[in-house]
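Here chain A shows up in two complexes: once beside chain B, once beside chain C.
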Partner chain A sequence: MAARRVAAAGCAWPWGLLGWARPERFLASGSVFPLSCIHTSTPLEKLGKWEKKNRIVYPPQLPGEPRRPAEIYHCRREIKYSKDKMWYLAKLIKGMSIDQALAQLEFNDKKGAKVIKEVLLEAQEMAVRNHNVEFKSNLYIAESLTGRGHYVKRIRYHGKGMFGIMKLVRCHYFVKLVEGPPPPPEPLKTGFDQAKEYVQQLRNRTIANTL
Partner chain B sequence: MAAAMATGLGRLGLRACRQNVESLLRSARGAPTCRLVPVRTKRRFSVPNWDREQSLEEKKLRPSRMVAPEEHVERTFYLACTADVIDPYVPPEGDARLTSLSKEGLKQRAERFKQSAVSQLALRKVKDHDPDFSTKTFPEKAQEIFTEAHNCLANFNKQKLHSLVTERCYSEMVRGNRYKTIRWSFVESLEPPRVVHVRCDSMVNRGNLYGQVTVRMHTRQTLAIYDRFGRLMYGGEQVPKDVLEYVVFERHLVNLYGTWRMHAKIVPEWAPPKDPIVKTVMIPGPTLNPSQEFEEIK
Partner chain C sequence: MPSALSKEAISLFHWCPASAEPCRSMAALVIFPSPLPRLHAFLQRCWGRLGRGVFPGFSGPQSLPWGPALAVQAPAFFPEPVEEASESNEAPSFLDSILWMAAPKKRRTIEVNRCRRRNPNKLIKVKRNIDVCPECGHLKQKHVLCGYCYAKVKAETQQIRLEIRKKEGGPFNAPTLETVVLYDGEKPTEKDEGKRIIERARKRPSWFIQS
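Moving on, here comes the complex of A and B:
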C-alpha cells in the first residue's frame, strides 16, 4: 500500500506540475488521486494554440509512405513593436529558406528584424535538438504571421495643458518551419493564361435541361 | 528632629557645617574629596528609533510590518528506492562468447555464484524478510517484470510502469520519450535467466534494508523508435537482436508491501557498441576568429 501510495503520489505530482506538457495521444485512465502532494500548482502562463501545435504526435509511417516533413512551430509573444510594421518583415521572409531569411533580416534596418532573427535562430536550434531535424539548413519558412498583443493606454502630454491618449502597442510573431527545400515560387499569371481561361469559361457554357 | 539639627548646625556656623560634610565624605585613609557636581537628568532630545543607527542584528530582527508566522507545510518524503546499484556486479569477459558446452563455460557457470560469500550472506538476509524468495523461481518472475515494464513503456501506461519499475529506473526509461513512439517486442529467451549477484544494504537508518538482485538475461528483442512525425529514428521492427543484459531488481525488504522492481542495468565495458541512429549529427568544431582558418588550427 505504501508502494502504491508512493506510486500514486509519484504519478500525481508530475502530472500536476507538468500538466502543460501532455502529448495529445495519451488518455490517462480516470482515477482520482488523493491530495497527498503539496507541489501541484497551475501553470504560470496559459499556453497558446501555436505552442500546443508542437505537441501533436503522428503515428508511425508505413514503409511505402513518402517521408513526412518535420514541422516546427515557434512564436514570441508581446514584442514591443507594431503589428502592421512587423507584417512587412513577416511577408518578406515568407517562403524563403531559413538561411536566406536570416541573411535578409540581418541587413534590414527595422527594429523587428532583430527580433525575428532571434526567433528564427531559436526555432532552428529547437528543430535540430528536439524535433529530429537532420540538417539545420534544410528548413524553409512555410508560414510567418503577426498578431496583436496587449495594448496599454498612456497620456501623451501636449502644450498648453492639452493631452492625448497614446497606445503602447505590442505584437506577437508566429513562424512555422518545415523541413525540406523551399517550394518554387508560383509563376505569375500572364495575359495569355488569362485569355485561355476566359475562352475556356465561354466554352463551358451550356443550356440546362436539354438533350 | 530637623529643627534640633538645624539649631545644632546653626550654632556651629556655615563654614563648620561644610567642613563637617566634607569630613563625612572623606574616607578613613584621607583620599582627596570629590566635588559634588549637580547634573541635569531630564532628557531634552532623544534620537527617534527610525533615525538611530541600529546594528545589523537589530535591523534583521525587527520586521517593518506585521508578518504572519510562516506555516511550515512539511512534506514527508519516502525513500522507495536507492539511488544507485550497491557494489555493481562485474560481468566476466566473454560471457556470452563461451559456449556452455565447453568445459570452461560450465565450470565458470557453476562456481561463480557459489563462490561469492557476500552474495550468500545477502541472500540469507533477503530470505529472512521474504521467505518466498528463491534463486530458482525468481529469474522467471524477473523476466516477466522486465517484459511487462517494456510493454508498458511502449504503451505509455505510466501507472503500471511505476509499480513495475523503481523511480530511478523510471526517469531513465522515460526521459526524452515524451513525443516519440516506441515499438518493442520480446521474441524469445535464448538462455534461461539466472541470478548472478545479490546485495543487501541499508539507507539512512541502520535497519532500513534494500535488497538488490542482479539477473543475467540473454534474450532476443526487437526495438523501433519513431520520432514525432512517425519517421524511424532507431532500430527496425522486423530486425530481432540478441541482447545480453544484467538487470538489477530491487525491493524495499523492510516494507511489508514492497515488491521486486526493476532498478538498473549493468553495461559491461566489453559490450559491443550499439547501432548508430539513422540521422547524422553535427559535432561543432572550434570557434574561429575571422582571421583564422580551420586547417591552420588542425
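Moving on, here comes the complex of A and C:
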C-alpha cells in the first residue's frame, strides 16, 4: 500500500483521489468486490465550523429537565454579494419567526433577499426532515450572520488608458433556527435606566484594604 | 535700479579705507550713470528670468512693467510684456484649483463608520402591509395584485393570444369584431352572434367567468 502510494505520488493526481482503490485490484480476482469499499470522492470541500455545528449530539435528557429546543444550523458559502449589503437583510430578520422572515424577504427588492429566502426554506426543510421538528412554522431565527468570502481582483478600464483595480466581492450567510415561538423583543434601555445603573456602579465602589 | 544702486553702493561701502568704522555717509553717494552696456544687458536678462516664471509664487504684474532707470536714451520696458502677463495669469489659476480641492482631513474610524452604517434610518424597515391572498393563499402586498394570481392569468392570456395569432395568420388581420373565448364543451349562445370565437382546448378555469 505504501509502495503504491509512493508510485502514485509520481503519477497524475486522479490516482491520489481514488485512494487505495485501483482497477487492477478488481480485475485481478474473478469475483465482484462490494462497492462500498471504494472512496470515489474525498472531502475536497472542507467542512466549515458552522456546518459541523449540526453534528453535535447531546446526552439524553433526564426526566425532570425542561425540553431542549431543536437547533438547526445552515449556511450558504460564496454568494456573489457584498457582506455589508447582506448584513442589512440579516439584521432585518434577526429574532423574527420564520414565516414573518419569509414574508419580509419576499417583498424586499434586494438581490440578497432572494438568496436568504432560499437558505431559510432549505433550513426549514432540513429541520422537518432530519432534526425532528414537528411544525415547520414553529421555528424562529435565533442568529443570522454574514461573513466575508473570497475576493478576486480584476481590472476596471477607464478612459485615456487609465485603469483601476476592482474587487469582486463574495459573502457567506449563516442562520440558526430554533424551535419554539420567537422570544419577545427586549425593551429599549431608557436614559433613566442607564442613569440608575451608573449610580449603582458608583455606589458599589469600595476602598481596598480597609474595614 | 535697486540692484544697480546696491551693487555700486556696496562696492564703495567696503572700499572706504580711510576710517575703520563703516562709513555710512558713503551710502548717500552720487548715483552712477548706467555704466556699461554689458551690465545693462545682464540686468535685462535678470529681469527677464524673473518675469518668465523662475519664481512662480511671485505676483508678477506689479514689479514688471517698469525696468531699471537709464540715463541713456533707451526704452525703459522690455519687449515682451504681453507673454509674461499671459503666463502669470495662467499659473496662479492652475495652482489655485489644486489648493482649494476638498479632501478628508482624518481617517474615519470604524466606530464612526459603524454609527453611520447602523443608524436606524439606514436599516431596512419592517413592512406592515403584507396580507394573504384570499384566492390562492400566497402572500401579497395590500396595494399590489397578488403575484401568483397575476402570473396564472398572464399564462392563460398568452395561450389565448397564441390561438388568436393562429387564426389570424399574420399581422394587420384583426377583424373589427368582439372576441369570445370558449373552452371545452361550450357552445356559442345568441349573445355571441356577431363575435369572433376563439377555441381553447381545456377546461374553463374557475376564475374566468363566462358572461
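Quick note on the criterion: the second predicted complex is superposed on the first by the 169 of 211 C-alpha atoms of A that agree within 3 Å, B and C clash if a C-alpha of one lies under 4 Å from a C-alpha of the other, contacts with A are read in each partner's own complex, and residues count from 1 in each chain.
Here is the rule we use: a residue touches a chain if its C-beta (ideal position, glycine included) is under 8 Å from a C-beta of that chain, and two chains touch if they have at least 3 such contacts.
Predicted model only: the values in this text are computed from it and were never measured.
By the touch criterion defined above, A:Ser97 lies against neither chain B nor chain C after alignment on the C-alpha atoms of chain A. When the two complexes are overlaid on their common chain A, residue A:Tyr88 makes contact with chain C while staying clear of chain B.
When the shared chain is aligned, chain C comes close enough to touch A:Phe107, but chain B does not. Considering which of chain B and chain C touches more of chain A, the answer is B. Judged by the touch definition given at the top, the superposed model places A:Arg55 against chain B, while chain C stays out of reach. Once chain A of one complex is fitted onto chain A of the other, the partner contacts of A:Asn138 are absent, as it touches neither chain B nor chain C.
Contact with chain B, but none with chain C, is seen for A:Arg68 once the two complexes are overlaid on the shared chain. Residues of chain A touching chain B in their complex: 1-4, 6-7, 10-11, 21, 23, 26, 28-29, 31, 37-39, 55-61, 67-71, 128, 130-132, 134-136.
Interface of chain B with chain A (complex): residues 73, 75, 78, 80, 156, 158-159, 162-163, 167, 170, 178-181, 183, 224, 226-233, 252, 255, 257-259, 279-280, 282. Only residues 84, 88-89, 91-92, 103-104, 106-108 of chain A touch chain C when the two sit together in their complex.
Interface of chain C with chain A (complex): residues 117, 122-124, 126-127, 130, 139, 141.
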